[in-house]
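In what follows, chain A forms one complex with chain B and a second complex with chain C.
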Partner chain A sequence: MAMAALRREGRRFAPMISPRPITALRSSPLAPSLEDECPIGVRYISTQVVRNRMKSVKNIQKITKAMKMVAASKLRAIQTKAENSRGLWQPFTALLGDLPSANVKKNVVVTISSDKGLCGGINSTSVKISKGFHKLNSGPEKETKYVILGEKAKAQLVRDSKKDIELIITELQKNPLNYTQVSVLADEILKNVEYDALRIVFNKFHSVVSFVPTVSTVLSPEIVEREAESGGKLGDLDSYEVEGGETKGEILQNLAEFQFSCVMFNAVLENACSEQGARMSAMDSSSRNAGDMLDRLTLTYNRTRQASITTELIEIISGASALEG
Partner chain B sequence: MFLFLQPPLTRSHRTVRRGIVRRYEVDMVIVPATTGQMGVLPGHVATIAEFKPGVLSVHEGSETTKYFVSSGFVFIHANSFADIITVKAVPLDRINANLVQKRLVDFTQKLS
Partner chain C sequence: MTLNLSVLTPNRIVWDSEVKEIILSTNSGKISVLPNHAPIATAVDIGILRIRLNDQWLTIALIGGFARIGNNEITILINDTEKGSDIDPQEAQQALEIAEANLRKAEGKRQKIEAKLALRRARTRVEAINAIS
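Now for the complex of A and B:
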């Protein structure tokens, strides 16, 4: 009857009491013991569920830590390359300027993103900016097309802007990034897409914790001429004599293409660095969260374990006292 | 390759491959432009020139350093700064003549 009382007590509170006091010390786990999972009639205090969760959370923590280390080493490898490539587009900008405000009819937005996920929010910010550009530049006589590099941007942009996508390129990082690959890419884009201005959207790598979404503008030669004539930043362009057997237009065309490939090369490298950096910080916060969760689960586990031992003891003692009395 | 030329000419070299940024003051640069060898001195008129693959030579006083450059552009600014941008720049002493000849034969065969 003491058992019956305890049983009643047990039913009112969540953990059920085992009817086998002799096996108390082994605390055999059989049925789920969490509040909402207790089926009626089963009376065990079980730490199995908590233990399973702890095991899986610990594994997740190990995996995310490993991913962080891998991302750190990959970052080191491409960071030097990215910093070296920064010098490439600087002379172009010094000469031709970077005019994000150029008002043109045919805009092409080149969105650079990663192929793999788990890298934080960098791809979403790139897509957001690309979409913003699209909205800004849509209207009568103006149109914006997308060229997408990377799976993640493709997934996001295909959903609502499918008709505006000109070209999709994925698996860029299968081989280590180099200029030849990027120049072939640039060639493809220039051949297939009509443009007045190319806006390259990428994440610029400032440091391991800061990646700034950036837009680089490359103007087509006609627009460059137009801007040069109207004065302003490009006004000095006319003062440059153009050496060469070909006409000025052809040289400017070659220049624009070379500028585009240099800017693309830098953009792709910077984005790759930002991806690795973002992955590092995402995995780091993930392992920290896993650690916190593990602590909380350990507390729950210990409490459950101690409660079950206590109830087993109570049963034994009450059983013993019932026998005596 | 990105060169700055400043009176006396300063240059910074930048390549696509290595991003070597070297800024130095030089007396003259000879650039293999599409119209032929072009000499650039301080005070050169502002120019944009494309160049074909060839030998770039940098004259610093009595020293001359020669590089083989693949195609690229040179911007000469009015303030005697020059930017040379190429895909590849290799100092001539690193080029092995025999290897180059052999490769040339190989590639010509492959093309034909």
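Now for the complex of A and C:
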């Protein structure tokens, strides 16, 4: 009877003798680290090790859940501001047009990114588009320079395009965003960089799950004149009689500067919204992953616990049966 | 025939509805806009915007921007604005006095220019309150 029980135990226990294949099948990320942590010669993984692992995964889950809620509340705050600022640049587009295809000699790409990480892939997409633009527009006559807002884009672009960077601005979101701050920034950019066309690359916030990388173009007044003469969308500009200043050129200059600061304001707000939204979804999938991992670890824990009980039983029974003879 | 007026600032939409007539102050003086005005694009100076709806005049203080007047559509884009009814009369009067004092004290070109701008702002706000009646 005892021998039959032993044989049964043995059969049940046989898979456990080689822990490696099982754990490799069920949970490969678990296998290498757990193998490292248990001493050689032990036939199963100690419960203490699994319990430590479970504790740390649970902590991670709590942290990511909290980060998600923080991002959600920040998003709500900025979203109203972004929607209010959207109405502002539409008249500009209606009047001056948004011509991404304008062929100009000096392009300046303003890349807007976030300062903090853990926000999904939005910064990489912005940088990818900026680099693509650079490639498209670099040639014998044309050149492209970068103006970078935000740490993440700076880290990525400094590596390979260091000579093309004109201006780097970081820590934009230390104080809540407002128009005066951004207009001062726009002023700095306009003063220090010569440009024919400014391309602002940012992530437009369509909804909590969709952020579309967009490019807004702001043309310098001379180019606007040139395009207006060639007709097309900007041809309507001439039908407006321009008043209120010495010359038409001066008004157009002021208008272009105003347009740039408004478009920048909108772009910065939208990018901030996209950052919070992306962070929400990244943290959400993180906590879900942590939950899955916790489930698998719980199963492993129970298995090892039962295995250790079985081992003890076997030892006792085999000891007793040995005594009996 | 009515005009569609929209007054926008970077932070919010101040006004968006139909009006009968507006009086706008530009760099080259005050202009009055009636329906079927010729299309113009102009810079808006620091001053008050008066809106008439059905024989009732409303005032909004504008602090610089641009205006585009197309076929019965007026779009005014401003850096900053205050509705006449939102301004506190005493506070505006005090601000005006402080601005005047600052202008007298100002030295150096830059300070003078800043003081003048502040004075015009304060004056505009006071005008906005007085003009409501």
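Following the convention adopted for this analysis, the second predicted complex is superposed on the first by the 280 of 325 C-alpha atoms of A that agree within 3 Å, B and C clash if a C-alpha of one lies under 4 Å from a C-alpha of the other, contacts with A are read in each partner's own complex, and residues count from 1 in each chain.
Definition applied: a residue touches a chain if its C-beta (ideal position, glycine included) is under 8 Å from a C-beta of that chain, and two chains touch if they have at least 3 such contacts.
Everything numeric in this text was worked out from a predicted model, so none of it was measured.
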Once chain A from each complex is brought into register, does chain C clash with chain B or fit beside it? clash
Name the contact category of A:Asn175: first (chain B only), second (chain C only), both, or neither. neither
Could you say whether A:Gly87 touches chain B, chain C, both of them, or neither, answering first, second, both or neither? both
By the touch definition above, which chain A residues appear in both interfaces, chain B in one complex and chain C in the other? 81, 84-85, 87-88, 91-92, 94-95, 179, 183, 239-245, 251, 254-255, 258, 262, 265
Sort out for me which residues of chain C touch chain A in the complex. 6, 8-13, 26-28, 31, 38-45, 65-66, 68, 70, 75, 77, 79
For chain A, which residues are in contact with chain B within the complex? 81, 83-88, 90-92, 94-95, 179, 183, 236, 239-246, 251, 254-255, 258, 262, 265
Residues of chain A touching chain C in the complex: 81, 84-85, 87-88, 91-92, 94-95, 178-179, 183, 237, 239-245, 251, 254-255, 258, 262, 265-266
Per the touch rule above, chain B residues touching chain A in the complex are 2, 12, 14, 16-21, 33-35, 38, 45-50, 72-73, 75, 77-78, 83, 85, 87
